[in-house]
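See the structures that follow.
Each of the next two complexes has subunit A plus one other chain: subunit B in the first, subunit C in the second.
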Partner chain A sequence: MPTIETKEGPLWRKRTTLKQWLIWGGWLIGLCIAVYAWQLISEKTIWMFVWDAPRQMSDIGERMVPPDWSYMPKLWRPVWDTLNIATIGTAIAMCLAVPIAFLAAHNTTPHKSVRAVMLFIIVATRSVNSLIWALLLVVIVGPGVLAGTIAIGIRSIGGCAKLIYESIEEIDPKQVEAIKATGGSRAQQMVYGILPQVLPTIAGVGVFRWDINVRGSTILGIVGAGGIGIQLSASINVLAWTQVTTILIVILGTVFVSEYISAKVRGAII
Partner chain B sequence: MNEASPHYAETWKKPPFIKSSLLRYLIYLGTVTYFFLAIYTMDVNWTRVAEGIPRGMDMISKFFPPDLSDSRGVILDGILESIWMAIISTIGGVLLSIPIGLGAARNLAPTWIYLFCRGIIAVSRTFPEVILAIFAVKFFGFGPFAGFIALAIGTIGFWAKLLAEDIENMSKSQAEAVRATGATWLQWINYAIQPQVLPRMIGLSLYRLDINFRESAVVGIVGAGGIGAHLLTSVQRYEYATTATILFAIIAIVITLEYSSGYLRKWVQ
Partner chain C sequence: MLRLENLSKRYKTGDLALNNVTLEIPDGQLVALIGPSGAGKSTLIRCVNRLVDATTGTIHLGDREITGLSNKELRRARRRMGMIFQEYALVERLTLMENVLSGRLGYVNFWQSLFRKYPKENVREAYRLLDRVDLMHMVDKRADELSGGQRQRVGICRALIQDPELLLVDEPTASLDPKTSRQIMRLIRELCEERKLAAIINIHDVALAQMFSERVVGLKLGEIVYDGAPEGLTPEVLTEIYGEEDWEKTIEKVDDEDDMPNDGEMA
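For the complex of A and B:
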């Protein structure tokens, strides 16, 4: 702890002078970036609309109540589709992510070049949002649930494989050595030495990803890729605000239930 | 001397992951039934899918080489807009999250503030950024301001929740020690709580910046500024070479951000 000698005796300071200046400089740079970014954004903003926002909010808010419960029966099917997109998408992703993770982890990969390719697949799939994948897939396989499912699947490959390969790299090598010492083949080492150690992680990652995917699949309908998003954007486009409220409540409920299930299952696994 | 030799098991089976066999088979049965129903009810137009495969091949072949010419001069502009939107919404979201996160910590706030703040967090966590963006566009008009609002609200759900959890798990003795010196409430927050949570929260802000950039690339699809709008246009105009440029740019920026934020996080902690 640095002190400064003054006439009255040593004065306690939390940091050295240099450190203090560095931190101060860091804040200054941060402030400059914030001001610059704000300026750019505000240049592109029509402030008249922003000042008008409170009126718009109260206007739309008034139109949104009471929720149109008679629309509910038409929403069960989209909710079912949304959940299916998330679940099947996650299942596809997990089937692909586990082998990719084993090929990508440095202690199980057959070759460095394979590892590089797998890491690229992981990064590329997880950098691009599922909505963008859906946008492209709607062009390829046509609008509907299939496009959404594949989009969620592709996006989740990277998300899951990254967490799984990191946990494979962190396993306890002694257990693998023990299997090796009994004369186990490479495949047996993986099945009996590595897999039991990472299985809880794999299951946990799958459930965690499923929870995220339920949330993600509620919006895919905006680009036509199935699920409740189709109803949401249709109702917004025709300004049927009471239906919008119903849909939002349904989404809220679905997400809460999925979060509850995933927390329970993860609690049971780990 | 004909003592029966003790019987050892000749074979060994791996113990199952789920121990109760009834539960195990119920889960298997449930999973199979569910997937059967889900796939059975899935509405897929297979002729359209078959038609789509050559289209997909065509799309991928047009991806290479990506069209770097940026003929309408909007790609660079859009990407920069996305980046700045991500930065300002992270900063704004974090600033808004601090009071909400303090209020949502069980050990700091009275019950009614706690419930109110938890409510804000729950709502902003539930809705995906794109839905928030749709509403922001309705309220604030088209453009990056709506995206800023949507992403900042999304940031609250993430950051304030983790801040609250961090405060709830902090060491109580430090807080008590500072309180015992007769510190005011603000001093107590600043000297007892802030140093305990700051390093982790800076790391989480950088992580959130990552997420916000990824999201800022798509909120444009609903009109909330950034590169998303151009991406949508390029797909609708079948300009797949431009689409490829945008996709590769997004991937490159995400990788750069991820590495630099990982590096910065290590340096901070």
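For the complex of A and C:
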């Protein structure tokens, strides 16, 4: 932050001239890379298909309407399965995520090595997509709702535990100090000093994750892990586009409702 | 009786917060600990209940040596030392009752505290204390709904329900307005008299210290530079503790029953 002396008094600029030019240079290099990348993509694209896209889209669009409402009765059960996968999966994930978070946060972990193991669990469960977990679990426990539930559960542990342990690390330490000063044990310090401070986060994370999982579980059926995705992939396979429309509308409705519920619940907690 | 002998504390950063402090506080005495920021006041009282571990020296409360207690014995010793904090340090999302009862955590087991199954006489005592500080009507309110003065009164209840023999009070009025400060200090003094409690009160406000304590200890750079009656705080003594400043106005009015903000309020 240089101050430049001039005849009319000191002049202040945020950056030196050199720094400013470097920043502009950086933008220029970025632009060149973008143009080059665009060219590469353009060379590898079969443009005939792209020019054809609007016609194909209107073609599918035409075949997708009107939605086949007679298919509805067959969808209630899969929707119910989908919601169960999301709900039970989230519940399992939260039961595991809370203790993992306490073991991972640097102010509550019993030892650095425990923290390292927990952070590894968090990263490992987070890095693999739930569809891939489901793919593996369908092989292990067989196709169906169970595979989907476990897949959603495992996938959610990392995300939930990460948010919770970060909030544990950000608590107000004075409240814990006060509990410590009364002669409270470590367990009591957690229950009185820490838990009340992170409880809103835990609840919020749970509801938020459930909301994500409702969306996530609609697709699991594509690999045979239960839920409405099974119907979706079956209808696409037989090119029953009007049924596909119905299913998409149902998924939209489900997600809409779940989002409404989670917004309401979060509003009530915080 | 609380006895500190040759107490020193050096933090990991290399700062010497306490330098060979020796201090004796008889039962039932109210001591104000004054001194500039960074003089080691907070460190001193935190060494007593070992929220901070002293580097060298010993602390005795009664016959018991606090320094060198095992974890379990330390928890037992902490029960007899109530602590009151500058920013109240209440558990914000718990109710007043829960906050007061948390003072009993050293006495009840984990499951009792988890399910809030405190012995009947604890609950009765909590009601009595909340009534004593005029917060009976707010028992089930959450701590974060209270004003500063109300919070500090809850903090006092939490310390007293421990049934302490000693109060450690860290800047109880630093976040409060002048009138509330006086009320809180008066409350602490009255309660100490009622229960024959000894107390160490860290305080920045020299006028308040003079008004409400029987003895003033001045700390400077981790060493005791004054130990005596409140009346003995002459401009020379204050200069010794804090450095050069016009002190005449600060000590002009040593008038207890005055509830009005004092002209000489320390900045």
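Everything below uses one rule, namely that the second predicted complex is superposed on the first by the 236 of 270 C-alpha atoms of A that agree within 3 Å, B and C clash if a C-alpha of one lies under 4 Å from a C-alpha of the other, contacts with A are read in each partner's own complex, and residues count from 1 in each chain.
Operating definition for what follows: a contact is a pair of C-beta atoms (placed from the backbone, for glycine too) under 8 Å apart; a residue touches a chain by one contact, two chains touch by 3 or more.
Worth saying up front: this structure is predicted, and the values here are computed from it rather than measured.
Steric overlap between subunit B and subunit C is present once the structures are superposed on subunit A. In the superposition on chain A, contact is made by A:219 with subunit B only, not with subunit C.
In the superposition on chain A, A:154 makes contact with neither subunit B nor subunit C. In the superposed model, A:139 makes contact with subunit B only, not with subunit C. In the superposed pair of complexes, A:177 makes contact with subunit C only, with no contact to subunit B.
When the two complexes are overlaid on their common chain A, residue A:88 makes contact with subunit B while staying clear of subunit C.
Ranking subunit B and subunit C by residues of subunit A touched puts B first.
Of the two partner chains, subunit B is the only one touched by A:33; subunit C is not. By the touch criterion defined above, A:199 reaches both subunit B and subunit C. In the three-chain model built by superposing on chain A, subunit B overlaps with subunit C at stretch 117-125, while the rest of 117-125, 171-179 or 207-215 show no clash.
In the superposition on chain A, the residues of subunit A touched by subunit B in one structure and by subunit C in the other are 192, 196, 199. Contacts from subunit C toward subunit A in the complex involve residues 49, 51, 75-79, 81-83, 85, 87, 89-94, 98, 102-107, 110, 113-114, 155, 158, 162, 168. Against subunit C, the residues of subunit A that register as touching in their complex are 172, 174-175, 177-185, 187-188, 191-193, 196-197, 199-200.
Those residues of subunit A that touch subunit B in the shared complex are 30, 33-34, 36-38, 40-42, 44-46, 49-50, 52-53, 56-57, 60, 80-81, 84, 87-88, 91, 123-124, 127-129, 131-132, 135-136, 139-142, 144-146, 149, 192, 196, 199, 203, 215-216, 218-219, 222-223, 232-233, 236, 248, 251-252, 255-256. If you check the complex, the residues on subunit B that touch subunit A are 14, 17, 34-35, 38-39, 41-45, 48-49, 51-53, 55-56, 59, 80-81, 84-85, 87-88, 91, 123, 126-128, 130-131, 134, 138-141, 143-145, 148, 214-215, 217-218, 221-222, 225, 231-232, 235, 243, 247, 250-251, 254-255.
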